[in-house]
Every structure is written in C-alpha cells, then in structure tokens.
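Please find one structure pasted underneath; my questions will follow.
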Amino acid sequence: MSKEKLKFAFYWAASCGGCEIAVLDINEKILDVVAIADIVFWPVAIDIKYKDVEAMPDKSIDVCFFNGAIRTEEQEHLAKLLRKKSKVLVAFGSCAHQGGIPGLANVANKKEVFERAYLQSPSTNNPNSVTPKTSFKVPEGELKLPEFFDTVKTLDQTVDVDYYLPGCPPPSAQVAKVVEAIAKNELPPKGSVLAPEKSVCDECPRKKEDKKISKIYRVYEITPDPERCLLEQGIICMGPATRGGCEAQCISANMPCTGCGGPCPNEVEQGAAMISALSSILGVGGERDLDYDAEKMIGQVKDPLGTFYKYSLPASFLRRRRIKK
Amino acid sequence: MTEEFEPKIVGFLCNWCSYAGADLAGVSRIQYPPNLRIIRVMCSGRVDPAFILEAFRSGADGVLIAGCHPGDCHYIAGNYKAQRRGILLKKLLEQFGVEPQRLKIEFVSASEGAKFAAVVKEMVETIKKLGPSPLKVQMEGLTYASG
Amino acid sequence: MEQSQKETSRIGVFICHCGINIGGVVNVPEVVEYAKTLPDVVYAEDNLYTCSSDGLNKIKESIAKYNLNRVIVASCTPRTHEPLFRATCEEAGVNKYLFEMANIREHCSWAHMHEHERATEKAKDIVRMAVAKARLLQPQTEPEIDVTPSALVIGGGISGIIAALCLADQRFKVSLVEKEPELGGMLRNLHKLYPTMQDASEGLEHFIQAVKSNKSIDVFTSTVVKEVKGFIGNFKVTLQKGNSETANLDIGTIVVATGATIFEPVGMYGYGEHENVITQLQLERLLKEGQLKKPEKVVMIQCVGSREEKGRTYCSRVCCMTALKNAMFIRELYPETDVYLLYRDLQTYGQHYEHHHREAQEKGIRFIKYAQEKPPEVVAGKNGKLEVNVYHALLGEQIKIESDLVVLSTPLIQHKDAKELSKMLKVPLGSDGFFFEAHVKLRPIEFATDGIYVCGTAHSPKDTAESVSQAFGVASRAAIPMALKRLRTEAITALVDEDLCSGCRICEAVCEYSAIEMQEKEGKQTSKVLEALCKGCGTCGASCPTGAITMRHFTDNQLVAQVRAAPQVAKEVTKHD
Amino acid sequence: MLQVEKGGAKETEQRAVLKITDMDPKFKYEISKIPGGEKIMLCFQCGTCTSDCPVARFSGAYRPRQIIRMTQLGLKKRVLESESLWLCASCFTCTDRCPQDVKVADIIRVLKNLAVKEGYVPPVFKVLASSILDTGYAYRIPEMRIKKREELGLPSLPKGNPQSLAKLTERIGFKKLLEAKSE
Amino acid sequence: MAEGELKYFIFLGCAIPYRVSAYEISTRKVMEKLGVKLEEMPEFNCCGLPMDPVSHEMMLLLAARNLCIAEEKNMSIMALCPGCAGTLNKVNTMLKNDKKLREEINEYLKVDGLEFKGIIEVKHLIQVLNDDVGLEKITAAVKKSLKGLKVAEHNGCHVLRPKEYMGFDDPEDPKVLKALIEATGAECLDYMDEAQCCGAPTAGINDKIPLQLSREKLTHIRDVGAQALITICPFCHMMFETNQMRIERMLNEKFGIPTLHYPQLLGLALGLSPEELALDELRVKPTEQLKQIGI
Amino acid sequence: MEANKSILVIGGGIAGIQASLDLASRGMKVYLVEKTPSIGGRMSQLDKTFPTMDCSMCILAPKMIECFRHPNITLLTYSEVKEVKGSAGNFRVKILKKPRFVDLEKCTGCGECAQHCPVEVPNEFDMGLGVRKAIYVPFPQAVPLKYTIDDENCIKCRLCQRMCKAGSIDYDQQPETIDLNVGAIVVATGFELFDARTRSEYGYGKYQNVLTSLEFERLLSASGPTGGHLLRLSDGRIPRRIAFIQCVGSRSLKGGVSYCSSACCVYATKEGILIREHNPECEVYVFYNDLKVFGKGFQEFVNRAKDEWGVKYVRALPGEVVEDPKTGDLTIWYEDTTENVTKNMKADIVVLCPALVPRVASKELAGILGLELDEFGFMKSKDPLFAPVDTNRPGIYICGYCQGPKDIPESVAQASGSAARAAEVIIVATGKEAH
C-alpha cells in the first residue's frame, strides 16, 4: 500500500437502496475496500453536503459508484456534478444501467404517477389532495423542491458513463471482482459492462433438453421440476436474454429470472430479444395441428412490457409510453 | 399551408413469396402509393423484433412484415414465427402507446400481386388516418428527428 | 464497426433505364447524381440496359478503373437478374456476395407509373438503402463437404430392395438393413399382386436374388440401426445384430424404407371372438397357401379402423383393391360362393383399378355401400355361422346376410419402433404416424434434413407399384449428393459465436432442418451450426436472445443499416440523442 | 287406370329386414342374357338415370336406379310385381346418359317382358295388343275417320293384314302371353 | 336415287290416321311443294313400339314386317311419328348389323313369305327435310317469311334417342328442328329443359304424371315469351295441343300457346293457306299469330 | 464434350422439371424440350395445391428459375421433338425449334411490345377466359421471361418492333432444326382435359356459367382473369352457390374414359375451400360418385372441408344442368342416392371436373419415340408393378401424368425415379461415376 489511497464516492438516485446494501454485502471484503480507498461521498453513510462535493476539484474522485435512475432535477444535477468530479463513473445496478424498476414509471407521465401515488392509492390518506410541487410557500418563506421529470432516464442517457455493473442489486461476488480490478488497475476498456459475456443460462445448473413449448404457466400455477429448465416447463424465465454474473441465484431458488442483468453483450434491446425468443418457441412445431391458433398461443403472454422490460424500459429503443395529449 | 402527411413505411418481405408478390404487382402494373421501402430477407422468420423497433425509432410511421401464407413457407415454418412475434410485438407497441395498426403482419403469396398492392394501399390509408408516428414527436429530453 | 477494420468500401452504382421502363418514370440522371453523394460511393452511372452485354462490360470496366470493391445495380428484381450481375462481378474479381441489387422497376417505376417525382424520390431511397447495406457486405464462400458414396437403406421390403438395387446399379455401395431374418417385407405375406395379378413370391424372389448376388450391396438381416450421428455425406451409423454384434458404417445418404404393418382390429366386428372373422391379410395367407376351405358366403367389410372420425382418420389406399382382388380369387376358386363387399367409397383410382372394379361387378361380386354412421354389425348366427346386418345405403334398406366368413379390411399403420428411428434420424412423424416428408407437394420423398430420404409405406399407405415408383425416385434423390462427391453448401448460413452462446437451445428448437447441434466444451453446452444442413432462413438468428448467431449476408448490422436508411429521417441514433 | 302411385308408396315403405335368402343371385345373370340387359352388372349406382328421368320428377315411386339395384340384388319378385315398372316412358334419356353404358330403358323393358310372362300386364297393353292382332293398327280406327280421309282428299288408308300377323306371331306365342293369368 | 328425285314410302303409323290428320295433311302439302314424292305403304301395320314392353319379339316382328313390305319396292320409308321412325330405324339397324338376330327373325318371317334383306332406310320427316331436301332449298322456296314470329320447338324423344340408333342430331342440344324453323324466317327461342319428354307414353298408365310434365314444359315455353310451339310428333302434339285446355283446367294455369305441326308452320312460309294446312283442326287457335304475319 | 452423357427430357411441366433438376444437379447434361414458350406446365396454372393449400406458383417458380439458371440444363422452349433414332446410350434426336420472332438474347422481358400490340387473342394460360396479345409471355412468371410472337394471330403491324428498345424483334426468324445426341430420354408430357362439350347434358360450351375445373381454377387465381375476384362470367354477379360435378367423362364406358382421373375429388375439395375462403356466403356442393380420398392427407382434407369450411358433399352424378336463359342461373337435376330422392338445385356456377386424359399430341410423340401406348393413350410401362418408369424401348423412361393418372407428389417422385433409370443408362454407357 505504498500508493496513495483511492477516493471512492457512492450515490443513490432513483432506486430502492438495495444497491447500498449490496455494497455492504461484500462482507469482509469491505475491509479490502477500506484498505485501498477512502470514501469521500456517501450520503447514506457519511455526512457530506452537496456543497462539499461542489468544492472538490474536478476529477478528484477516482471512482464514483452511482446507483439509481434519473427521474428528478436533483438526481440529474448530482449525476452531472459527480461526472465532473469523478475520473471513473460506474453505473451501479440495474436502475443506473437500464432504468430498473423505477423506470417502469415510463408507462405513465408525471401527472399519472402523482395521481396514482398520492391520490388513488387505496392506502393513501390525502384528504386535501396534496401532490408534490417544485415550490411551496410557508410562513418562513418559499420551499424549493427539485423538479420531478415525466420520463425516467438511465444514467448514461444523462451523462457519459465509464462502466456498468448490472444487477438488482449487483451480485456481491461481481462487486468484489470489480473492486479487485480497480485495486489492480485492471479495468477493461471504457464503456464495458462489468459482467460475464454470456447469459444467465450459461450459469444455470438446470437441464436443458427441448425448448419447444406450447403452454405458459405463472409461477404459482405449477410446481416446477427443480432439475429442468424453467422455460422448458412453461415458466417465463428471462435467463436466456439476460446477462449473467449472478450465478442464477433466483433460478436456484426455484424462481425464474426476471432480467435484472440487462441485455447480453451483442444485444441492444433485452426485451425485444426475449420477445423474439419466446414467441419463436411458443407453439413451434404445432403449426400443423388443427387447433393451432397463433393469437391464442401468444395470448398466454399477458404483459409483455412489464415482463420483458422489467428493468430496461428507459434503456429500450422506445424508452417510454407515448401519451396523447 | 401544410403538405399532406405522407407516411414512411418500412417493409420486410420474404424472398420467396412476398417479395415475388411485390414483383408481380409491378409486372402487372398494379399501381399503389410509393410510401413503402422494402427490405428483402430470405424468410420472414429472419425479422428480429429489434429491427421493427429500430424502424420505429428511426422514424418509420409503419412497419410491414410480409411472408408466405401459412403452410407455404419456403423454409417450412419461418412465417409462423414471424406471425407470433408480430402478435406479441403489437401487444407491446400498444403498451408503449404506439398504435398497433402501425405494425402489419401479412401473408402475400408470389401470385398475389394485387393483394400486395392492396395491402400497401390500405396500410398507407390507415397510417394517414393515424397521423405521424408518436415516436417522431419531440419529447422531454429526447429529440427524434422529424421527417 | 466490423467493416471499419477491414478494407474501406469503394462502391460503384449502376442505374438502369430499362429502356423506358424505369427511365420513363424515374428521373434516372437525378438518381445517379444523388447516388454519388452517398457515403463510400466512388462511382455512379446510368445505362439503357445494364443487363445487356454492353451494360455488363461497363460494370467490369468500372470495377477495374475505379478499383470498386462493392457493386450496386439499380434495375429490376434480383429474383431473376441477380445471378447475371453476380457472375459479372466474379468475372471482374469481386466476390459475388459483394454485389447488391436495388429493385427500382418492379417495386418502383412499374408500381408508380403516374407519380414521376415521388417515384424518383423512392428510387433514391431504394438506392440509399442498397448503399447502406453494401457498405457492410462481406465476401462469402460456399463451403464444400465430402460425401461418402455409400448409402444406407433401412428396410428390406420391396421399396428398400428396389432402392438398393437402383443405387447399386448407379455404382454406389449400399448397406441394406432388415430387422427380420429374411428380406421381402409385406410382400412375403401376399398372394397375388394387382393390377397384373402375378404371384407376389415370384416377383419378390427375383429381386431378393438380385440383391443377394449384387456385390455392391451388403445385406444385414436380423439387424437394426442403433445409432446415427453426423450429417449428409458424413453419417456414422452403428448397426446391431442380435445383442452383441455391431457394425460401424460410414454413410453418405440414408433411405428410410421401413414399411408399415397392418392394424389388428381386436374387438371390432367380432374379430378375436369368432374364428371365422379374419383380416384381409389372413385371407391373403390362406389363399397363398391354398388353405381356404370353401365358404358359402363371404362378407368383406372395408374401412375397418380407417377413415375414422378421430384417430386413424386416413384412408389406407390399398384395401379396396385388395378386397376386390381377393373377392375375385374366391369366386374363381369357388364359383358357387357369394361374395359381398361392404364399402363406403370405392377407391378404385388410376388407369387400372376401375377396370378391376368392373371385372368384379361382372364376376358377380355384390357391392353394398354402407354409411359411416350406420356401420355393419357382425353377430353369431346359427350353426357356427355369422350374421352380418348392414344398412344398404343405396337401397335404403337393412339387409341380413348369413355368412360363414367375414373378412375385415384394416389399414396399414406405422410400426411401433418408428418413433425411435425418427428420433435417431431427427426426422418427423406426421399426425397419422407415418414419416413426414419435407414438402407434401414438391419434396415428397425426402426429409427436410438433407441426405435422408423416405419411400414406400413408411411414408404412407400405398401399393406395390406405387412403392416401387417411390423407391426409384429415392434412388435418384439419394444418388445426387453421392454422385457429386463434394457438396457445395449454402454460403448464406448461420454462424454461432461460441463466446456469446450460453447454450439455451432456443435456436435448436426453432430450426426446421435440424441444422443446429449442441456441443459440449468444458462442461458447458454451446450450439453449433451444421452448415451442410443450414438453409439460411435466419430464423435462429432472429430468435437468439444473446445475439450469438450471425446470419451471413443478412447480418443484423446490414439489415439495421437498411432500416435506418429507409425513412431518411434518422441520423445516426446514438444513446444521447 | 292403375293406381300406381299408391302401389309405389307401398313399395317404398320400410320393410323390416331384407334377408339374403329373399334374393335370387341368378336373377341378374338371367337379365344379362336377354338382349338389352347385358350390362346390368356394370351399374355402379350413380343415379344419373333417376335424376334425369322425366317420370321420376313427378312420381314418388318410379326410380330406375333402384329398379336396377334390386335387380342386381336378385329381388326378382319385388321387381316384377312392381307396378311402377310400367311408368317408364321409354324416352331413353337414361340410356343415353348412363356413364357405364347400361341400357337402362332396355333393362326396364326386359323386366316388363318378364313381368308379362309372370302374368302382370296392365290392361292398356291388352287393348293395344288385341287391336293390333285384329286390325294391324294399335288403335281401332273408326269407319267414320276412314271415310273422312276421302273428304279431306287424303289417300285411303291401306287395310291391315291380320292374317299375316297372326301367322307371324303364332310361333312366339304372343296371344298366349296375353291370355295368361291376368288381373 | 336419281339426282333431284326424292321418293319415299310415307309411314303414317296408328296415331295419325286415328286422331292427328292435320299433321298428315300439312306434310303431304309441304312435301309436294318441295318436290318430294310420297307413296302409300301397302298393308303396313303398327310399327311395333307399343308392344315392346309386352314382348320384345313381338315388336321386332311388327317392325320387321313393315320393313319387308317397303323392301319389296326397294323404297325407303319416311315416318311422321318419331316413335315409328325410331322403332323402324332401330330394328332396321339391329337386323342389318346382327346376323344372328336377322336369321332368327327371318325364320319367323318365312312363314308369311317375307324376308328381311336390309336394303332400305328409315327416316323421320325432319331428317328428310334437313338431310335430303336441304335447308337451302327450303329457304329458297319460302314465299312468305315468318319474320317476327317467335316460337319454341319440341322435338320429342324418339326422334333423337337413343342416340346410338338415331344419331342425326344431339339429343341434349338438338339443332335440326331449330334450323328448319328458322328457315321459315321465324325465330326459335331457347327455353329451359328443351330436351324434356312430354309425358305421353305414360298416359295409358297414369293420368297425372304426363299432364304435369307437359305443364312444366308449357310453363318454360310461356316464360320465354314464345308465341307458338312447334312439334313433329303426333303424341307430343296431343299432349301440348289437345290436352292444353285440360292441363289449364286441372292444374289451374293459363297458357294459350297454339301448337303447330312443323309442316303447318313451314306450309305458311311456303305460301300455303291455313285451310290447306288444316290449321282449323287446332284447338288453341293461332289467330293473333296469323294476323301478325299477315294471314 | 461427351454427347452421350446427356439426357433429353420432353415436357416442361413439374415432372419434366424435376427429372431435369435431378439429372442436372448430379452433373449430367440435360436438354429440356417444351412445346410452349415457357416451362411450368399445368401446375403453373393452379392457384393452390391440395391438401396443403400451398400457393402453386410460389413453390413452383423457384424450381422453374433453377432450371433456367442451371448450367447443366439447356432449355429448348417452343420446340418439338421430330425424330429419334439410335438406341439406349446413343440416341440421335432432331428437334424443331419454332420461330419466336423475338431474339432471346436481346429480349429483356420488359413487356413494352405487348403493351402496344393491338391484337388480342384468348389467353391459353387462363383457359381462354382472359386475353393476351399476339406478342406475349404466357404468364408473368414465365421462364424464360422472353416474348413470343404468335404467328397465327400477328398482323405484322410492326408496332412491337418500333417499341422494342432492345431491338429484339426479328420477323425473319426461321424454324430451326437442332440435332442432339443423347444417352437417354425421359418423357413427361402430362395431360389435358377431356372435352366436356361431349357431355352436352351439362351444357358446357352452351351455358356461360358452366365451367371446367381448370377454367374455374384460373377464375379463383389471384393472377387470373378477374384478379382473383370470384365472379360469374355471364353477368359479373357474385355467386351465391357453386356446384361441382365429378366424373365428367371419367369412370365412363360411353364416350369418355373408363378410368378414374385420381385428382378430381380432392381438387374440387380444394376449390371448394377456396370459394369459401373468398366468400363465406357462397355455398359449395360437390356431387360425387365415390369420394376418392386415397392419398396422404386426403381424407383429413375432405373432413376439414366438410367440418370447418362447410363444403357439402352429395353422392350423385347429376343427370343434367339446365340454364334459365333469362337469368343465366343453372338448375342441376340429381338423385341423392343415399336418400333415394330426385332433387334439383339452383346454382350460379357449375364446375365440371372432366376426365384428365393424356395429351393428344403424345400419340404422335409415341410414334416418333417408338413407344407403346395403353388403351387410353397413356405411355405404357414395361411392367406396371416393378418397372413403372421403363418403357418397351430401353433408354426411354416415362413419368408424370403421361404414364397414368397421379397427383403432383406422385409425379415428382416418379420424375426422380425416371431420372434414376436414365442416369443408370448414362453410367453404363460412359463407365463413369464408378466407385
């Protein structure tokens, strides 16, 4: 440790916070982190104000781990600020990478989101129909709140991103590997996704035999054979279209992959890739049957957007739902 | 004065039936509006949904996938796959707020020159009614070039 | 991206007037000028007829003069003219896959004859799209594979025998495999063969001797195929005799001639209950062996277990003629015996069979049409006789026939072990249980999988003459790759990037040609394209969820480039716009 | 006048079950040996004869195809007793159109001839026959009519030659045929 | 037969002298005009047709006897009744072609000193007109064109069927009578079911079926607007003409279609008077029609 | 160039095409002779094929083009075989190449000539229902796509010559005789339709709405005279009921052919389904005698026609079809033989399914080739059981409908069979391809 310690920053934008926990999940490896780096900014853990960051010289942060999507003015501001201050900006986790679960808000706009969250939600008691405003007058003066955007964006739709670390949250082993790479200065070329080249299937221990399927089951509808590929049993598993690195954790727990790893390296659009794969094998070989009905066959897939773009809607080609004014 | 909206439509045609059907429409001098741009593929089964989304993203007002009739596929069953992908994509497009009518999956045989022309004509009319693709319209932070 | 590392594209564009067919509608010079503005286009010109020898020479000259490495002709449909222009490019030293065609006649000038301006705009778009693709084109080669000039014929019935003999006569080595101890198949059970009414054994014996004495044919009796690996030209086949003995063969092509068996109508019309209810095949044997005792009245019932509402829905094709034939033999043998033929529709098709029908009528065979919904009934009668009750559909009356022999015409059905063979060869069975050919109309005797063929009753019920016809046909189809010795396979095939493939097996499921095989490396599965079998449809490429499959000559990049060029509105779409 | 329609109805009414013993397998051979009946066995019951029969269009009883079928099956008695047999107008449309070249009208005629032998002769034929035997003409032309010919300037009608006819028909036993059992 | 000389035995059969003399009268008049000589057949008898259902042999003998009588003078027969024409023609052909049958029949005929030799022919009136006289000659002989008159024709069965024996016209689409009618200048209309039987032969067996058949034909004829019906058979004529009012009464219809024997129609065109052609024998009077053509 | 390594194939229908491709693709030289200006044969006239409802042209056209492009196949269209001498392994053949009056090398198939040609004649391809010009291609997908002047109808106005930019019109072309030396010959001359006019009780040729099945096929076809609109030819009305009559001239001992043509029951079923596809309101009746469903998938096809498409089947051979001259409507008289009732039915169109008979010209060809014909005029097999494609003359083989009634797959399989037999001759004659 002759070298000067590295400066790390962590930031949490539109996300659930799980990524923060994932950092801690590397367990004793956290000590290795601390050994090689000082954490200069981590709002959840240490008390440093935005103005302290603004005061930092540009590129003074070595690596900034940024989790969460961009959906408010504040998040956008911080993304830009941290970009300026950081040598390396890592989109950490699905939300920063592809938009993640918060990105599903792109099926609606701000108005609809507010109405749903603050007015229509059955668990909300809001008799005065208060919704967030960017400014609010109180006796003490005017309170300013950051603007809430209509559209959720990924980090790289906002600023240049150097690396992506996919996953919801990124698997700790993967995080540890990255930290190790940083320590050894063995990072791959800029723009890389810090995950294996292959899909979840590559890591999935289940037996794959024949992908011809004709019936789709929801998870609760059957007890799947624990040895055999879930997709082959009719459970929609995003594994084939999802970048690995997770060691097929969910699948090992008898739950299908929902796609947090993002697209495989040679695919740009994860959802489209899975749509293509699934609709190709769903009913394949049965076309000659008398009761073959393509509409009925595909009708088994209920919510393509929610199913195939669960983590990647903002990163998709079409990015969001178009709403007629 | 505004010019009449002329939709841009991207068509993926399979080499054996639909492309030949489009050829036949020409040979038979059947006239149809010049809004379609044809991309030849060996089989409609080659058409990846990503291409279709790419076409919309690139500013197409409509996308046509035309393949052999059921049972006629030169490659046995590629057309069925195209059909199923199309059905699912239409559902998806609707969720994206894009009118599913902008995507059309058709079976056109090599002998259906007239049908091919009719399909194009009808599609142009449908899309004219729908207006320009909502994807062309500028939206927050995301500018799509407008034709 | 991929092309930037290679040579830079130098594209020449040749735009055809096609007399006035294009030039009369599209402003061709304007399109030429436009083409010149497109990226990587270094030369553009127009021709009156690009396909004329004059036009072709111009292409060749320009390739040399401007050092072109991509050529675009904007004229008519590639479906007819592409081979001509490709050949021209090859002659000038440009790989034929670096040629691209823009169809501005059938798809443009002829379809928009009255809209000159818009047709011209469309022509420009079409050329622009062609350029976008041409920039990314890659040279391709058509790989060659060797073909072992040796055929495996599975099944030693008349179909297999004829196919083997015809292949041997074309000087190929043939291995003929029969699971029974003797060659001959179904014909060994038959008495006479229609339409010539010659002795079945006589004809058969002649061919069995021919097979046995043919040095090019190895006959394996009491032998089954245990394993088949590989692909056309290069099959590795393992045969098994009894429990131990095995043989390994290198095989170029495989003929499936496994035949069919007959449906046993147990429980129908008293079969299995009364011993004088027999099948048509049992009657054949009795006639063949001269064992048929004189019956007074014989009733034959057609469509027993065939043409059913559900299940065996098919017509077994041979039963009507077999019944007619045997009915006539019975009358010949015992002129006093009455023969009743209970049928639904007489399948006396073709140029010979109707004649037999008339002959049977003249010989006094009694034809009674019954309706599917009112099938005959067979019950025990007096003195060990049977009573057949049938509603005569054409008389509209119920008839009671006392009979001492009831013969049931049951259909040919697939052997039980066919499923195993179909899995081994990766060729399908149809819903009727018979082997399912590549294309019902135009590829009736081969499978979608190259190098495997089918003939005879393994394919569907048929009579001797028809089986023989197919066997000769198969001997031609199977001979083609073996005669060529080397096979050029498609250049436009799929290619799997093993580094990206995660072994999900989706491509394998969607391929209709069994051209994708799984291979194991370091405990992991990846897929592999058997290029010899790949037809280049691209379905696997579109279905691959990891983008591990590239379709040669129709790559994602090339197609996306065309897509982006099509609406002319998209600038390069990047992540930030 | 015969009440054929009624008889027809009787014929079509469902009989219980037809036993094979009711059938005379030789009947069709018998017919096939008589000129005109040669091709009876070739009928494949397509129904052309009945469908183009002018009489069948208005008669519920007369069905040439069924007559042929019954004949083929050897239902001799039923066929020969059948009154509808006599409804045939002998227009020969059936014969002309039969694809199997079965001479349907001739077979019906053969059956009528056989019916006569069995004693079934409709009265009208007896009248005609006796007129022919007596006068040479099928109708007994009244004297008045013959006279009127002269008035109209027509040549006189030649006298028939019943003696000649009697000689000729004696050997075929025509008279006896008519004298046999009658209704 | 010498060039231009046409000479036949006229075979009247039974029905014509019995009931349908107008057919005979008009035929004789017309043939005279066209230069066809008709000679009376001596001692002829029923053609045989009515006896066929009773005894085929009887029919053969009756017909053969008629043929032998004509053979004695070596003159061909022209019959007016299609039944006679058909029967005599058929038996003539059968005996000519079938040696065995000929010998058998001659065996019978010998009794009365007759022998069938097979030297003459039997034709129906329209066959003579069409084949021997010829349309050209008929057209040339027309003095008064019947232009403007719309008629329908009815051939009747036996002049056409069985095709195997008659064969001079297509029974499914007969053209000869049409051509003969059009030679007069009248227009011959197509109507439904032209080749259908009139029903007459069943008249002795059943009273309703023949009337229903005739009614149907008359309906089709009326439907196309024919002003008259032209027949060439005494029986068909009786069904359509003599029985027309009975049909009208019985089946509650109104037709009023005058039905002429073809030679009556031809006679009018050749300039013969209605009286000469015995038009007054018709029950349904063609008054209007005659007026229209100026008679 | 080894002359006797080559094979002559006579007839450019699907059987001839398949035999040619089989032989050419194994490296043998083939001369494919076709009498008309284009290969394609009967199959090219079909709209769909049973029982798969494949679009006929879609599956045929690639094979036609393959023939045209194949380096081992020389297409001799508009040509006829005039003389054959010699024996197996060494036949000397004279072929008459009729003048097309169009230079095949120069013609680009652009069609400018036909657009201006003033002469219209009935289009044989559409069975005379539509028209073509005196300079024409038989159909748009013709192979070769080259024009032909029909000398019989050309009025020598020379408009085409003036319009042709490629200068391909040559009025001075003369018939040409080509001498070939071939080792084996494959005959595949196909069939034609029995003349339905001879069944005048059905009124074909007299009533406009009585059609033959092949005419009707063109009427259904998207590339046919009505552009695939199912209309009545007499008045352009949309038909509400169409009836098919089977066995018109087939299974007939009188004036027709005594055999069963094998394909009619099923193609009528196909056309029936197509009608219902075109217009679900239009009723379809098929009058049959015995329903021949012997082929693979035929019974299932008929079941589907009945159950899913509502095509109705009546066991009857109708006696006559009568037209109402005022409306053009047709009445079919028939006896439903399973109900024993005489009935009549009104129909807008009646489609006759005539017997399929060997081509008249095949008789002359058989004479030239020295082949025996059977009683029906089919080329006679040496042994119908074990040598179906062999003839009485060694080295000459037969396939397709000219050998006997069969459907497309049987023709195709048999074409391959005749190719195998022909190949054997070449191998023996040249001693090549030994292993």
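Order of writing sets the labels: A, B, C, D, E and F. Residues in every chain begin at 1.
Keep this in mind: contacts are C-beta pairs under 8 Å (C-beta built on N, C-alpha and C of every residue); 3 or more make two chains touch, one makes a residue touch a chain.
Quick caveat: nothing in here was measured; it's all calculated off a predicted structure.
Steps from subunit A to subunit F, minimised over paths through touching chains, total 2. Among the remaining chains, those touching subunit E as well as subunit F are D.
Ranked by how close its mean Cα position lies to the mean of all protein Cα atoms, the top chain is F. Judged by contacting C-beta pairs, the busier of the interfaces D-E and D-F is D-E. Ranking every chain by how far its Cα centroid lies from the centroid of subunit A, the top place goes to E. Centre-to-centre separation of subunit B and subunit C, using mean CA positions: 31 Å. The geometric centre of subunit C is 23 Å away from that of subunit F, both derived from CA atoms. If you average the Cα atoms of subunit B and of subunit F, the two centres end up 36 Å apart. With centres defined as mean CA coordinates, subunit D is found 60 Å away from subunit C.
Residue positions of subunit A touching 2 or more other chains, listed in rising order: 157, 267, 273, 276, 280, 284. Looking at subunit D, residues 42, 44-45, 57, 65-66, 93 sit in touch with two or more other chains. Residue positions of subunit F with contacts to 2 or more other chains are 52, 54, 59, 111, 201, 251, 253, 290, 320, 337, 340. Applying the touch definition to all chain combinations yields A-B, A-C, B-C, B-F, C-D, C-F, D-E, D-F, E-F.
The touching residues of subunit C, counted against subunit F in their complex, run 18-21, 48-49, 51-52, 79-80, 83, 149, 162, 166, 169-173, 193, 195-196, 198, 203, 207, 307, 313-315, 317, 345-355, 358, 371, 393-394, 396, 432, 434, 439-445, 455, 459-460, 464-466, 468-477, 479-480, 483-484. Subunit B contributes residues 45, 48-50, 53-54, 56-57, 70, 77, 80-81, 83-85, 87-89, 91-92, 95-98, 134-135, 137, 139-142 to its touches with subunit A in the complex. In the complex of the two chains, the subunit C residues touching subunit D come out as 297, 338, 357-358, 361-362, 364, 366-367, 369, 389, 392, 394-395, 397-402. Of all residues in subunit F, only 201, 247, 251-254, 256, 289-290, 315-320, 333-337, 340, 342 touch subunit D in the complex they form. Listed in rising order, the residues of subunit D touching subunit C in the complex are 14-21, 25, 28-29, 41-45, 65-66, 69-70, 72-73.
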